[in-house]
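Note that subunit A is present in both complexes that follow, paired respectively with subunit B and with subunit C.
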Partner chain A sequence: MNLAIHTQNLGRIYKIRGGKKTEPKELEALRDVDLEIPRGELFGLLGPNGAGKTTLIKILTTLLAPTSGRAWVTGFDVTKDSHKVRARINMVSGGEASGYGLLTVRENLWMFSQFYGIPSKEANRRIKQLMEVVGLGDRLNTKSSDLSTGLRQKMNIVRGFMTNPEVLFLDEPTLGLDVGASRDVRRFIRQWIDEDHFRTLLLTTHYMVEADELCDRVAIINEGRVLACDTPANLKRRLQQDAIFKMEVSPLNGLNVDSFEGLPGVRKAIHVPKDGTAELDLILEKDDALGGVVNMMTSNDVHILNLHKREPTLEDVFVDLVGRSMEEVEAGEE
Partner chain B sequence: MKSEQWTVDSNQWAVEKNSGLKFFLQTVIARAYPRIIGQQREKSWMFFDIFLPLLAVSAYVFVYRAIGAPEEYVGFVVMGGAMTAFWMNVLWSMSSQLYWEKEMGNLALYIMAPNSMMAILLGMALGGMVATLLRALAITLLGSWIFDIPYAVVSFGQLFLVFMLAMVALYGMGMLFASLFLLLSREAWHLSNLAQEPVYLFSGFYFPIKSFNFWVAMSASIIPLTLGLDAMRQLVFPSGAALGFLSIPVEMGILSGLCVVFLTAAKLLLAYMEKLAIREGRLTESRR
Partner chain C sequence: MYTKIRTFRIAAWLGWQIESNWTDPFLFAVYSIAKPLAGAAILVVMYSIITNKAFDTPIFPYIYLGNAFYMYVGGVMTGISWAVIDDRERYKTLKYMYVAPIHMPSYLIGRGVARFIVATISVLITILFGVAFLHVKINLDAVNWGLFFVSLFVGIIMLAMMGLMLAGVTLLIAQHVWFIGDAVAGALYLFSGAIFPLDVLPKFLRPVGYFMPITYWLELLRRSLVGSVAQAFPTLAGFNNNQLMSILLGLTAVFAVLAGVIFYWCEYRARERGLIDIVTNY
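Showing the complex of A and B:
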């Protein structure tokens, strides 16, 4: 099989040194990751902060050695044949400030193109073309220190695409971008993949919508483990049996998530307090479990302001797999 | 078939030529570029890099003239002032370069690219050298004009050779420092602070090292500029040879040795740094 990315029992443990006296602590950032990504796929890694997404990308881009297991990119082992891997890949991280502020956009991109052996003339042609595609055709001669965050990220994206990699890694490509710029970047990513079936792209994100709408397949990752890996549609299909309701209610008057989850048929409740009201997401085994929830509310003087049933999202899939929402996981970390 | 055409056209350069000399030089030049072009864009360099060193030179000239030191010393001081620019460049810019690249997030990209890291490091050195050459020339020309320095060049060929040997050895040392700084990070900062003044003294920027005890001068010769300066002074000033430390061929021999030692050490340490970075996952981390 012609796999662009292949990992087997991949794991990474970081040693964290404390003070001089304390023993170094170990942190397992990745554990037994098995992925098979064929060429032509736009693959997404979805997970909360600290899930291990960047760690996985670093291993696949030869920047970090795994502590167990193996990984191949374009058929080459990332540790033994790192040189061959490097010639065939590129990587862009969200929010990176690479390059030199004193150089213009064109000069910065040209410099990086040279590190991939692209002849100057060809490099300049590609830079010009790609900059126009991302809507920055008139900014070639702007000093890169003068670019806004969004424009800068577009320049970084061009840096990644310009070498025409066989596999491109994007670590949170839309981090910090506004809605419009994010949409541009996503559209460009999709177009790049669709243009050529030899290309493969792996991106990480913690935006559910991004994973859902953009990616061919998504791996949900938490605490270093891949919990599920499938197309967004298949992932959501797991919850097809469930009934998912979104409610807007008055403040909960002492009730909490646990009180609802104690009710029969309620698999999960997520509570988001708002100004003067509250939002409640409920994953129920069946529609009729709603009756118990409503009863409990009315007997505690909680008013229902709005209620509707909705389709499952990847967010719900995450909750189903992890038992907590991504926000809860991230909040629990701090 | 579009995809096949693309495979060939995109990877041909990188995959096939990435061990070749042409690709190596391409990388060196590209990494030297920001130094050579970018750095001249901030005009304030003229003040800091030319006017301030000239001021230091002037102070020595006035002192030497006031105490009636031999007039040759004035020329020595101007040349020392010009060469100081290279030392400052190596100590402050070259040695902290990889550290800054790491902070900016460039280091990971450099390691990830299919070039050799040695080419990147050489590019930094070349860029720093060329940019500093501009400053050193300006200091030499202005200083010679202001203080009316007499020159009597014995051999331009030898002068060029000595200068190049000193540069290669000095920047080889800078390349070694670059990896060392990255590994030691903050502690290294204090080291260069500590190193700056003693080096001024012992490498004889402002007077001939012949005035030192032989072994002191010999130890100071580990800094490539020491012998470089001494040999250049012998070749350039009318009474230079009389004030020289060792004979020119011997000094050139030692400088060549330093070139080999520093460049080899730089290459080894760089490879070690890259290996460590990949094993521990710390050095390419810019936010931590």
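Showing the complex of A and C:
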């Protein structure tokens, strides 16, 4: 198979220096990651903050050395042939305002194009075209320091696509963008990958909808390990036999997640307290198990305000694999 | 080779944009003139007080020219090494440079070109000021221009190599140690015969100066401009110009090899430790 990205038992351990009174620690950011991503695929890495997504991207883009295992991009080893890898890739990190503020948008982009050896005339054509696509056609001569963070991010997205790389790495590309801009970016990403089946795109996100909407395949990653890897449809199909309910209820009056998970037929329960009410997501083995839940609530004077059955989402798959929602995992990290 | 030239050219352009665009052109011009003159004025006032205005002794042009050309040391070395911190911490572009298919040493040296140009302007202004107002006697007919330009060229290459070493070290340090370039330049100021002959130093410290190519470079520049005055000091009087040039070339070659080894080792360590895109200006 013609693989754009291939990893074997890839691992990364960070050594964290201790203070005067504390011992140095080791943090395992990636553990035994095996991935095979063929050319032409839009592949998503889905996981909470701190799951290891950015670490994986850093290794694949030659910015960081792995501590174990190996990785190849477009067939070249990322540690031994890093120069060959760099000639074929590009990367954009979301949520940051990078770029030379003293230069105009056009100058920033032109400069990077020159580092990639793109002829000046062609570079200017691509810059103009892509800036129109992201809605910044009228800001070419604006100093980048005068752009908002969101607009700078769009400029950076153009920087990534402008070089027409064989493999593009997008690390949380819509982080910090407003809803409309995120939608535009997602549409453009899909269009870019569909235009040429030789292009490959690896995208990290912690937005479930983004992964579901965009990606051909998704790897769910948590605590440095890939827990599942398949198409979004197949991942959700894992829960097809389950019944998934979303309830809005009055405060739980002493009941908790364990109370529900102790009931027969209840596989997972997620409780999200709201202002004066609570949300309860339930993954049940069968519809019948709902009766036990309702009975427990009734006997504890918990009122059901809203109840509906829904199709499984990638969030449910994550909960099923990890045992906690992504929000809970991120809150735990903090 | 094409990648190296391309990288150098664009990096030099970027460096100049950053160096010259931080304020309006008038203020930039005033700053470029006032800064070296202020530096020279401090030195002249100190010299005047210590020697009771003995401007006609050979030591004055020795100090004045050494000090003027030393501006290149800080300018070139710091210009190259500072680009690492500037890109990594301020502009957050270092990781994108590292992901791009560029030759990183050429990029960093290219970024130093702007500081070289600014330093050249400063050196010129300082020397012109000295000749016009402070009795620094340079007989243009007696200047050995060939020696001057060859020495200057080799010296700038040597300083670029030292800057590359510092850039490598800078990859491994946090932003709050930004002064490392100035600190190194400041330390070498004392050991390279810039402001006083090496004989003034205690015996055990002199070998530091003898190992520094900057020592021979400054001596050659002085000899090319004011030959008889420079030869009045015993430190390197036993060497003729060809011998000094050979030493300078030899040490430059040694420093070039060292620069390559140190830079790539530091880069390797930075990649191992995940420091290339770290932000430390918290």
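What we mean here is this: the second predicted complex is superposed on the first by the 330 of 334 C-alpha atoms of A that agree within 3 Å, B and C clash if a C-alpha of one lies under 4 Å from a C-alpha of the other, contacts with A are read in each partner's own complex, and residues count from 1 in each chain.
Following the convention adopted for this analysis, a residue touches a chain if its C-beta (ideal position, glycine included) is under 8 Å from a C-beta of that chain, and two chains touch if they have at least 3 such contacts.
What you see is a predicted model; the values in this text were computed from it and never measured.
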{"item": "Side-by-side fit of subunit B and subunit C on subunit A, or clash", "value": "clash"}
{"item": "Most subunit A residues touched (candidates subunit B, subunit C)", "value": "B"}
{"item": "Subunit B versus subunit C as contact partner of A:Ser98, first or second or both or neither", "value": "both"}
{"item": "Touching partner for A:Glu166 - first (subunit B), second (subunit C), both, neither", "value": "first"}
{"item": "Partner chain in contact with A:Ile118 - subunit B first, subunit C second, else both or neither", "value": "first"}
{"item": "First (subunit B), second (subunit C), both or neither touched by A:Leu64", "value": "both"}
{"item": "First (subunit B), second (subunit C), both or neither touched by A:Asp146", "value": "neither"}
{"item": "Subunit B versus subunit C as contact partner of A:Arg86, first or second or both or neither", "value": "both"}
{"item": "Common interface residues of subunit A - those touching subunit B in one complex and subunit C in the other", "value": "14-15, 58, 61-65, 83, 86-87, 89-91, 93, 96-100, 102-103, 107, 111-112, 114-117"}
{"item": "Subunit C contact footprint on subunit A (complex, rising order)", "value": "14-15, 58, 61-65, 83, 86-87, 89-91, 93, 96-103, 107, 111-112, 114-117, 159"}
{"item": "Interfacial residue positions of subunit B with respect to subunit A in the complex", "value": "2-4, 6-7, 9-11, 13-15, 17-18, 23, 26-27, 29-31, 33-34, 37-39, 41-42, 104-106, 108-115, 120, 277-281, 284"}
{"item": "Of subunit C, residues touching subunit A in the complex", "value": "3, 6-7, 10, 13-14, 17-18, 21-22, 91-93, 95-102, 268, 271-274, 276-277"}
{"item": "Touching residues (chain side subunit A, partner subunit B) in the complex", "value": "12, 14-15, 55, 58, 61-65, 83-84, 86-91, 93, 96-100, 102-103, 107, 110-112, 114-119, 163-166, 195-198"}
